[in-house]
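See structure below.
Going in written order, the chains are labelled A, B, C, D, E and F, and every chain counts its residues from 1.
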C-alpha cells in the first residue's frame, strides 16, 4: 500500500509500552533522533512490532507543527 | 513554552511553499531525513520561517502511525 | 507498506478538487457512503489519483469521533 | 448540533472495548465496512454507546489520508 | 447530533478568511479568548458561517496538547 | 519554544485522570470554559502538571471543527 501521508521515516523500534487500549512505540529514525507513536494495542499486535524491528513512523503533514527557539 | 507533544525534532528548514490559507514547510531533522508540515500561512509568518533557519518539527504522539514493509 | 492505522476503507475516487497547497478527494467506500479527504496537492499527485480510480481512505482510530442523533 | 466535519457515516455499533482512559468503538457503516474509533471513556459513557445501537463515525477531512495498492 | 468530542466551546465568529480549499474561522469563546479553526471551504459554506454568528469550536481531546511557561 | 499551533489558551488545571498510557487533563481557560486534553502519561509527568497549576491548552487550527445549533 502506498499512502498519501507525506512523512514515512524509516527506523528501528527502540521501546514498546503496552496499555489497556493503546500502546506507545518509540522508533529511532536517525542516530539520536527518536519519534514516539501512540497506536491502538491491536494495531501494534497486527504489525507484530518488537524492539529491534525495522519500522516506519508515519505522519500526515497536517499533523506536524513547527516551532522555533 | 514547554509543550506536552512528545516529538520535537530539531532541524533546518529546506523549503517553504505558500498557499492561500496554508503553507507547506519541509525541515531536515537528520542528514537525508525530512519532515513536511502544513501549517497556516499566518503561523509560518508569525514564526518568521525561512529556508536555512533552525526549527523544530513538533508532532503529538497520538498523530504518529507505525508501518512496516 | 502495512500501516497501523485501523481504518483503510477501499473505494472509488468520485471527485478531486485541487487547491494551492491542499487537494480535496472524495472516495465512495460503499454505495452511497462517501468519505472526503484533504491531503497535500503533492501527495495527490504522487499517488496519481484520478476520478474512477480505486483507492483507500485511511484514518487513524484516534481521529474518529462517535455521534448519535 | 450541525458540525463542520465533512464525514459523518451512519452505522451500527459492533463492538466496544473499554480501557482506563480510552474506549475503542467499532461501527459498521455498510455491510462489511467497519470504522474503529478511539474516544475517551467518559465520552463513550456520555453518548451511552452500546453494541447494536445506531451511531455515526465522524471524521474531519484533514484527518483522512488516501492510499493505493 | 450529539458528538463524542469532549470540547465544544460556544462563542461568536470574529473573522473568516476563505482560501481555495480551506477556510480559516476565528471564534471568541470568552472575552479575549479566541480559537482559530481551519475547515474546508465547503463545510464553512454548509454551516453558513458569518462574522457575528454564534458557533461552537469543537476539538477532540486527543488533539489537545498541554504546555507550561 | 515558540510553536506554530494557532491556539494556546492559558488556564488553570482543574482535574487530572491518569491511565496506563494516557492521562486526561482538564484546564479552565475562562470562568466556566474548560478544555479537556488526552496526552501521554509521560508527557503529563514531564510537565509536572497538577491541579491548580497554570497551563496552556494548545491546539493546531486544523484540528478544530466548527458547529452550529
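Quick notes on this structure:
By definition in this document, a residue touches a chain if its C-beta (ideal position, glycine included) is under 8 Å from a C-beta of that chain, and two chains touch if they have at least 3 such contacts.
Source: prediction; values computed, not measured.
Of all chains in the assembly, those touching chain D and also chain E are C, F. With respect to chain B, maximal separation of chain centres occurs for D (centres as means of Cα atoms). Averaged C-alpha coordinates put the centre of chain A at 16 Å from the centre of chain B. Each chain gets one centre point, the mean of its Cα atoms, and the points for chain B and chain D are 29 Å apart. One finds 23 Å separating the Cα centroids of chain B and chain C.
Distance between chain centres (mean CA atoms), chain B to chain F: 21 Å.
Touching two or more other chains at once are residues 1-6, 8, 19-22, 24, 36-40, 42-44, 47, 56, 58, 60-63, 65-69 of chain E.
By the contact rule set out at the top, the touching chain pairs are A-B, A-C, A-D, A-F, B-C, B-E, B-F, C-D, C-E, D-E, D-F, E-F. Contact residues on chain F toward chain A in their complex (touch as defined above): 1-5, 19-22, 40, 42, 60, 62.
Interface of chain A with chain C (complex): residues 1-6, 8, 37-40, 42-44, 46-47, 56, 58, 60-62.
Interface residues of chain E facing chain B in the complex, by the touch rule stated above, are 17-24, 36, 38, 62-63, 65-69. On the chain B side of its complex with chain A, the touching residues are 3, 5-9, 24-25, 27, 29-31, 33, 35-39, 43-44, 47-49, 53-69.
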